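One chain, chain A, links the two complexes that follow: it is found with chain B in the first and with chain C in the second.
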Partner chain A sequence: MRKAIFVSGKRKYLFCGAQEGMKLLFAVIERVKEEGHPYEIVVIDDIQESLQLSDFLKKQKMGTYLYVALSHTELKRVEKTAEEAGLTEEETQFIGYGEELKRIFCCRCHGINEAKNFEEEILCNQCGLELSVSDHYSVYHNAVLGYVAKL
Partner chain B sequence: MYKEKTIPVMIKDIKKETEFVKRFTLASVDGKPLPKFSGGAHISTYIEDGDLLVRQYSLTSSPDNTKHYQIGVRLSDSSRGGSRYWHQNMKVGDKLHISYPKNHFPLSFKAKHHVFYAAGIGITPFLSMMNELHSRGTSFELHYASKTEEACAFYEFLQEHYPIQCRFYFSNKKKRIHVSSLEEHPIGTHVYFCGPESFITDLTESASQLGYPASSVHMERFTPLQPKEVKAFMVLLKDGTLIEVTKEQTLLETLLNNGIKAPYSCRVGRCGTCELQVLEGEITHYDSFLSEEQKQSQSRILTCVSRAKSAMLSLDI
Partner chain C sequence: MKWTDNLENFPYPFKGSTYRYSNNSVPMKKPFCIEVTPDYLEEMKLKRDLLTHHPERCYQSLPHTLTGQWEIVELVMDHLAEQYPNQFSLEKKGRQWRFHNKILEEKHDFTFGDETTLPDEPLAFISKHVQEDLIFMMQRDGDLFLDAGQLCFPANWSLAFNLGMKFKSIHHPIPGFKEEGLDDRILQFLMRLEAGNPWERKNWSLMAGDRLDTSLETFDQWGKLRKQVTKKNAGELVHIRVEVQKLFRLPRTNGILFTIHTHLLSLEKLASNPEWLKQFYEILSELPPHITDYKGISLYKNEVLEYLCEQLESGKVL
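== the complex of A and B ==
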């Protein structure tokens, strides 16, 4: 699992997540408190709250840094919300937990498969090829590349 | 010697914007359309006045207008011939060569909102940028500092075309751009600075202190960073020749004067054309092209602005 890392030199820190996710941000929140930086914590426990996040983010000023810790299924939607609000990769960290459904791009038929995050090999549901799940991610396809598992 | 492709053009119109700024309209000599460009682009102008005067000016006209280009030239207090020639000798009907448009100061495609900070003649690159954003319907604002309203180039044009987006700061009315203005910009803003060195440094440092990501901050300097203390140094070439770079000359000028076919284009440390490999010796970098990592590697130099820190540099040319 990716760990939250403290990034210094920001005017304000925002921490968003479900109760469980906040545990993963604990160390960074403590550091921000210790160093006396302005911060805000937004707990998102239902979809309604996550929808309101968009307006909240749009009201933030430049120099704000965002941490989000949510289950993998919810994380994608919030990532998109943050991007639409104007936050870039340099101003955000997204920490996912729990089961993640990865999208796997078949290197032979270009079909998209879904696999759980612990699966290392799958059978392509379109062409039947045995695929080895790589960490080679494509933003365009929002999927990782599945290589030929056995030659 | 590297010589870039040029376009022959003719001066079609000259308009006095302020006491020290003139606007020149250029059209191609053969009447063919000029190349389109993007907001923030500039051209190099080539004028034969005994010596060849090469100067860079931002294009101030609409990027889609291929009938003519416009540039704004301020008569520099310390003119080494370029702006003085434009102001005192250039007449309607005169011919000269210009480079194809180049852009080292492009607009961000990611920004949700663009904010321009200009001081004095630093307004020029923003004119084509604002034109492009206005036609795209993208939001922007301009903060423009000038000594007085009379000395404020393109004031009437800006008031007429972008009255809501422009804010003026005239120092004779005790109005100044304050760095705290950077605190107000919403998430997704990209800021662009153009003006004298101190203006750019103050704003860049403040943006960094507030936590702006480096990629959201863009700048264009009139002149490259100036060395605090200029020292002469020796250069060793591949064929064993040893030449001296005097205090008065740049490394590039010395190479060219010695008949060496060194590449170059912008001459202000921005385009990277003049980059040479350094085999030995320490460099003090004054360019705004190489990344911090590349500068620290001490293995390459932009000859048009950078100099040796050590007594000698060994170059791969």
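== the complex of A and C ==
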């Protein structure tokens, strides 16, 4: 799992997440408090709240740094919201937890499979090849590469 | 058919007694993006068969690459006609061009810049006349993207998967590449490449077998040979695979043409040159595990070393 990392020198720190996710941001929040930086915490516990997030993010000033910690399924939507609000990769950290569906690109037939994040080997649902799930990710395919698992 | 070069023409890749990943590019002495070798006819036949039967594996392009593809057509045809006037010719009358491949006895009349006058997309079309694989990288947002390519002879990677990918993501699977900061240094180097000043480098690996088309898509077939290497058969079965890679900046689109010419030589032939045998033995003995793993040598490295050692001791080399 990706860990939240403190990035210094920001005008304001914004922490968004579900109660569960806040635990993952705890260390960074404590550090921000200790060093006396401006910050805000927004707890998102239902879909309604995450929909309102869009307006809230759009009102933020330049120099705001955003941390989001949500379950993988909810995280994707918030990532998109943040991007649409004009926040870049350099101004955000997204921490996901729980089950995640990954897309796996079969190295032999180019078929796309879905697998849960803890599965290391799967059978390609199109050509039947045993695939070992790698961390080689393609933005274009939105999938990771599945290699031949056994020779 | 053996896809093995002659010793005299083989682009032997090693210097010194150790090997590590590095940006080993050098400015080209003869600035031609292609080379025609005695294997031309056989390799063109193989390449065309692969392009016909496995188009998705061997050719990919994004729609915004057409201008760049035409630049590649121009560069490659100019170089063929200039360097090999007895084998190729090119006549230009305004936009009306006539390309003559005398080896394959093919003439093509077309209007430069008009795709409808060619049998294929421009990059696919010109790739059917050269032994090299042709990769087109486009530069934007401070990065390079693999936006089109023809790849028939890959060293175990997939063009279809890597399409549209950024430079650093393409090289993500190479162990140590990122940690040593090499990915960033090479990206910066490539982004500074200037038109008119092409560079080249050699890359190498070992393989069990002598297939040129070692695609990731067919690894389940050819990879099995790695388990069959013995000290006894290593000389014949194992080949050193060298890619001569050339880098050209394309001035109109500011993209980069990356050509890859793959050469294979059996260990037996390599070992017949005493200096190469000694040097390669030293390099392979010293190679760290993260490099042998990535180059796919781990399964049979010991067998190869035993074979090379035997050759050294057989008195050929003192």
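Just so we're on the same page, the second predicted complex is superposed on the first by the 151 of 151 C-alpha atoms of A that agree within 3 Å, B and C clash if a C-alpha of one lies under 4 Å from a C-alpha of the other, contacts with A are read in each partner's own complex, and residues count from 1 in each chain.
One rule holds for everything that comes next: a contact is a pair of C-beta atoms (placed from the backbone, for glycine too) under 8 Å apart; a residue touches a chain by one contact, two chains touch by 3 or more.
What you see is a predicted model, and the numbers here were worked out from it, not measured in a lab.
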Chain C versus chain B on the shared chain A, clash or fit after superposition | fit
What is the contact status of A:116 with respect to chain B (first) and chain C (second): first, second, both, or neither?
-> neither
Based on the superposed arrangement, let me know which partner A:91 touches: chain B (first), chain C (second), both, or neither?
-> first
Would you sort A:137 into first (chain B), second (chain C), both or neither based on which partner it touches?
-> second
Put chain A at the vertex: what angle do the Cα centres of chain B and chain C make there, to the nearest 10 degrees?
-> 60
For A:11, select first, second, both or neither according to whether it touches chain B, chain C, the two together, or no partner.
-> first
Would you check which partner chain A:58 touches, where first means chain B only, second means chain C only, and both and neither mean what they say?
-> first
Which partner does A:3 contact after superposing on A: first (chain B), second (chain C), both, neither?
-> neither
How far apart, in Å, are the nearest Cα atoms of chain B and chain C after the overlay?
-> 7
Footprint overlap on chain A, where chain B in one structure and chain C in the other make contact | none
The residues of chain B that touch chain A in their complex are 110-113, 182-189, 191, 207-216
In the complex with chain C, residue positions of chain A that touch it = 105, 107-110, 129, 134-141, 145, 147-148, 151
Provide the residue numbers of chain C that touch chain A in the complex, in ascending order.
-> 56, 158, 160-166, 169, 172-173, 216-220, 223-224, 226-227
Enumerate the contact residues on chain A facing chain B in the complex.
-> 9-12, 57-65, 85-88, 90-91
